[in-house]
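Each remark here refers to the structure printed beneath this line.
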Amino acid sequence: MIYFDSDYMEGAHPKVMEQLLNTNQEHTVGYGNDPYTQQAKNAIRQACEAPNALVQFLVGGTQTNATVLDALLRRHEGVLCAESAHINVHESGAIEHSGHKVLTLLATDGKVKAEDVDQYIRNFYLDETYEHMVAPGALYITQPTEYGTLYSLAELESLSAVCRSHQIPLYLDGARLGYALASPKADFTLADLARLCDVFYIGGTKCGLLFGEAVVARCPDTLPHFFPLVKQHGALCAKGRIQGVQFLTLFTDKLYEQICHKAVEQASRIRAAFEQKGYRVAIDSPTNQQFFVLPNEVVDRLRQDGVSFEDWGVRGERETTVRFVTSWATTDADVDLLVKKIENEQR
Amino acid sequence: MIYFDSDYMEGAHPKVMEQLLNTNQEHTVGYGNDPYTQQAKNAIRQACEAPNALVQFLVGGTQTNATVLDALLRRHEGVLCAESAHINVHESGAIEHSGHKVLTLLATDGKVKAEDVDQYIRNFYLDETYEHMVAPGALYITQPTEYGTLYSLAELESLSAVCRSHQIPLYLDGARLGYALASPKADFTLADLARLCDVFYIGGTKCGLLFGEAVVARCPDTLPHFFPLVKQHGALCAKGRIQGVQFLTLFTDKLYEQICHKAVEQASRIRAAFEQKGYRVAIDSPTNQQFFVLPNEVVDRLRQDGVSFEDWGVRGERETTVRFVTSWATTDADVDLLVKKIENEQR
Amino acid sequence: MIYFDSDYMEGAHPKVMEQLLNTNQEHTVGYGNDPYTQQAKNAIRQACEAPNALVQFLVGGTQTNATVLDALLRRHEGVLCAESAHINVHESGAIEHSGHKVLTLLATDGKVKAEDVDQYIRNFYLDETYEHMVAPGALYITQPTEYGTLYSLAELESLSAVCRSHQIPLYLDGARLGYALASPKADFTLADLARLCDVFYIGGTKCGLLFGEAVVARCPDTLPHFFPLVKQHGALCAKGRIQGVQFLTLFTDKLYEQICHKAVEQASRIRAAFEQKGYRVAIDSPTNQQFFVLPNEVVDRLRQDGVSFEDWGVRGERETTVRFVTSWATTDADVDLLVKKIENEQR
Amino acid sequence: MIYFDSDYMEGAHPKVMEQLLNTNQEHTVGYGNDPYTQQAKNAIRQACEAPNALVQFLVGGTQTNATVLDALLRRHEGVLCAESAHINVHESGAIEHSGHKVLTLLATDGKVKAEDVDQYIRNFYLDETYEHMVAPGALYITQPTEYGTLYSLAELESLSAVCRSHQIPLYLDGARLGYALASPKADFTLADLARLCDVFYIGGTKCGLLFGEAVVARCPDTLPHFFPLVKQHGALCAKGRIQGVQFLTLFTDKLYEQICHKAVEQASRIRAAFEQKGYRVAIDSPTNQQFFVLPNEVVDRLRQDGVSFEDWGVRGERETTVRFVTSWATTDADVDLLVKKIENEQR
């Protein structure tokens, strides 16, 4: 069996496991006050060129989104996002659990437009009844999006400028951020994100760790009293150093870049193979998730042949959109094998 | 330096790490639907003699308490507990974040009495204005308590009977449950807890795991729709199998019993040493946490001498109450050394 | 000045004021346990042909929606409604404040279709990731809708049947219900609503009272422990009898029917006058709200001429959609005057 | 029957009803933007000598407390108050519904001491684990307290100073504030309260109105975005002018002072009568609530004799603490009659 179904199906990158093992018997203080966590935070600050940034490790993405947005939004405010945003669709109402409305914008391939954000906010305050409505209090975007697509640096600059002009924070969900940064289409750096976003998080769970997400806020004042809020949201690990050790490894010798880069390359090879056979690319994604429209018989044959991947939406009558995902755990051998299988398909 | 400050200051038990490493490259489905998680759940069901129990793994204790109580309580209900209860003191208002009041009872050494619970509930419904007050909707206890003390089987039977007579669930927080079960004073088993509590959790973080708590409900109907609620609380791990592998290791060959048993024995040795020198035991704890009242010069000397332990409350003028904690990571050599240091103290 | 801008711009119907005055000095118990409240509840039960119904008086519409939906929804559930629904647009996030997501359906003139509800729920449970999503836990509709339109009896029967087939409650917001019941197009009665809805409320604020909404649930078990929840939501009036006296007056000698009937008739006359002059009806409303597309010069001339009414949305370049509303307080003289002004308009 | 059971058992003061009637047919805009509401706000600003104050009318006390505290507290903060505080006991968890813990202080006759508040906050930040605990984010007091007692000006000055030294707002619940201001023991004015409290409310429901509470914040910045929050809490009246007219009447020609003054005088007469007969005063209250310890036969005889009053707590074996309450609606004739009955009691 060769697997391309998702990027959180194995444990952690071997180097991460190695460091967890190396440090396992050491005795450190809890709740992230240990030296590993401090070093990891510094490594991230350095990578972000944000020496004063607040960095806080949390466990998972939904939790991170709920905690950060609860910190950013005032009581009467909601969060703007694409209709397809993870917080709107796949978080079981975690944002609403903390009392906030999710305000949706139309989006294309998971991306919102700066002008739509601007228009929404302008129209909001033009409405005479706006004080009876939920005020847009933050903008949430994902990079890469749920569809693997990317905001360009120019687009991020525009979104950031719009948010600042309306004095609302820009928050970027980076669950798969490594695959964005490693994309050949990426014209932005971590430092750009730290500069343009008020808060963002660097996803670890889908990029080589057992678990862990690193929240980064260039100005710590953006997230005042964040620690007790993290605790209140049940997001504080007693053994905080487990996240510290993992993130420190990830940000040592550019492991993060390296493993994500490789996964994106592998994804490109898979795409090239499908394209060469004339299959339709469903979404033009330059990251580790690839989407194709395949005839059902191809879908079925590949699966019978030991290839694991997911349908994207409902199976069609003759064709189905499918998703292939790579990760640090994908081997070149598996990609070779998949490419060969694709090449052998009869059109 | 020898450490007796807490039981969550190292990584995981070596066997747990070994199994994480052994399974690291395997590809499994996410969110706890993998075979390891299923096996771990079955192992726990078996240990609890509760073949139909709902078992769900969460990440940490605060999160677990918030999620379970949110599932158990109706909107207008609060949770009864000791004034010293973790949910009342040290969870940054996580219970209130979900909209529920914590209703406190006077307690002795962290333990509430069945008759006090009964009296509270009876008085509540005798009050003519009770519909303007927060109804007691569940009882929360900790085993061992925050002070290391234990409820006996008879006490648990009484608490369970009171709760059932008033038709409210009994929920037991077992963050350190292993050390309770391993205590020489324990006259109850996991099966007793599963029988007497409506819901309880078996703590992993403080008993040998990197992280993880196992919620057990003998009747799954007690926690309907628990999965989306876990997700909503940000408590669902994408790589759920990490918890599965860890708990499976803990419940294989009685590792859980064995490592907790040893820690409690070590704690007894420390207590014996202090008692023999005539120092006062502050709380009569039969588990892995021991509390002593020591002259400040002894406190200071031990620390200068490389022994790490915590003050319990505020430092007194001449004496201070201190806490010594053991865990799976405590070595016999360290205990030997501590005992020798205590014996060498001049009274 | 003659006013057609809304139906909550005066005090209460004179008979209501009279009864408040008559009973003003009487001494009764608080919180709705007085005889007037009991009589009012019975009058409503009778009008609804629901002798065992739970009836509870609240203060305003937003509060009522938030309290009822908080009672109906489980933690992980959201409420389905039209995108234009009051709870989605104009309640400042009151539903989310209690932790619930508002799940929107496309709607026409404010009305949702039974088949769309059915489809939504079916699709929801077909989605493999549905346990990560907010489950539809109730259906909210308004009668008349925010656009003055009505669900027919057949449509209500269908919506009710769909809800029952999926075992979710149907909740009807009747802020202006009197104007629905009084419409010539109404083919349903209060008893029909009580039979088909699990919970609905009879709006008082917009139908002749100073304030007050009457929640009705045919089976009291639908809203268990509703009283403390009303209190928790800050919706319980100390002087509950003020609502009791008002609703009792409204449901004595069919005052409710009579005043709403008259207002709807007046609205029809206004519509007829505009139609006769060839102006376009924007929404085909058979209730007390009427919507027209008028040339801007007509809009301006009417206003300069002392007629007060609201733009409905943004003013257009040449034409604007406007709303005319009648109520118990609208006099025939004012309608005569308006009709004359319309007739005098030059096309 | 003569009634002394509570102060919210009749309608509104006749002058209030008269003004409601006089203005009933007038057409004004909704949601408190009408001229009456504006005039009422100005009258209150003037009475408070706080020309820039934010004044907002809400409906009831529980709602007001929940809304104001939700506005004042950050997410991780709770509210300090006396254990006997209304928000802690009799609001069905309304504060917790918005996600905040109620932090209790020991109190005497319902009053907290400035030094206890100071000590609590100091100790809080001395605790090394304070970031795992709920931070004290506001102080809530009642004036008069639930026991009818008063804070003196000096005590209010101290509480205010302590709050300012710790940078937390002081919030005063004035459900019965009129009876405090009218007390012979009152050495403070409305202006003092406006100066010393960050926010307080002037209760209308228990002081002559049908309903209505007036929130006052000397600096509007203390309650930013308060309007949408009021709406979110379901506390905004469509016919806001009903509150405006009522409060305007109450603050015209010192009606508020006058009616409360009279009620307090009547209460003093009742107290004098009981004291003269040698009955024990249970709580030394200088306001409209009086508490006595009476032999059960006296309690029973008075009730059989047509006097209505409440037990305060549980009926004792031989004696019971009872409460007598006066209000604007209490007539001198009724007080005369009661005094006579007391005088006729055989000791």
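Order of writing sets the labels: A, B, C and D. Residues in every chain begin at 1.
Throughout what follows, a residue touches a chain if its C-beta (ideal position, glycine included) is under 8 Å from a C-beta of that chain, and two chains touch if they have at least 3 such contacts.
Because the structure is a prediction, the values reported are computed rather than measured.
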Contact-richer chain pair [A-B vs A-C]: A-B
Separation of mean Cα positions, chain C and chain B [Å, integer]: 51
Rounded Å distance, chain A centre to chain B centre (Cα mean): 34
Centroid distance [mean C-alpha coordinates] between chain C and chain A, Å: 43
Chain A, residues touching no fewer than two other chains: 75-76, 91-93, 97-99, 131-134, 228-229, 231-232
Overall pattern in which the protein chains touch one another (line/ring/star/complete/other): complete
In the complex with chain A, residue positions of chain C that touch it: 75-76, 78, 89-93, 96-102, 126, 129, 131-134, 314
Residues of chain B defined as touching chain C within the complex: 70-71, 74-76, 98-99, 131-135, 224-225, 227-229, 231-232
Complex contacts: residues of chain A adjacent to chain B: 1, 3, 6, 8-12, 14, 17, 20-21, 23-30, 59-64, 66-67, 91-94, 97-98, 205-206, 210-211, 228-229, 231-239, 242, 308, 329
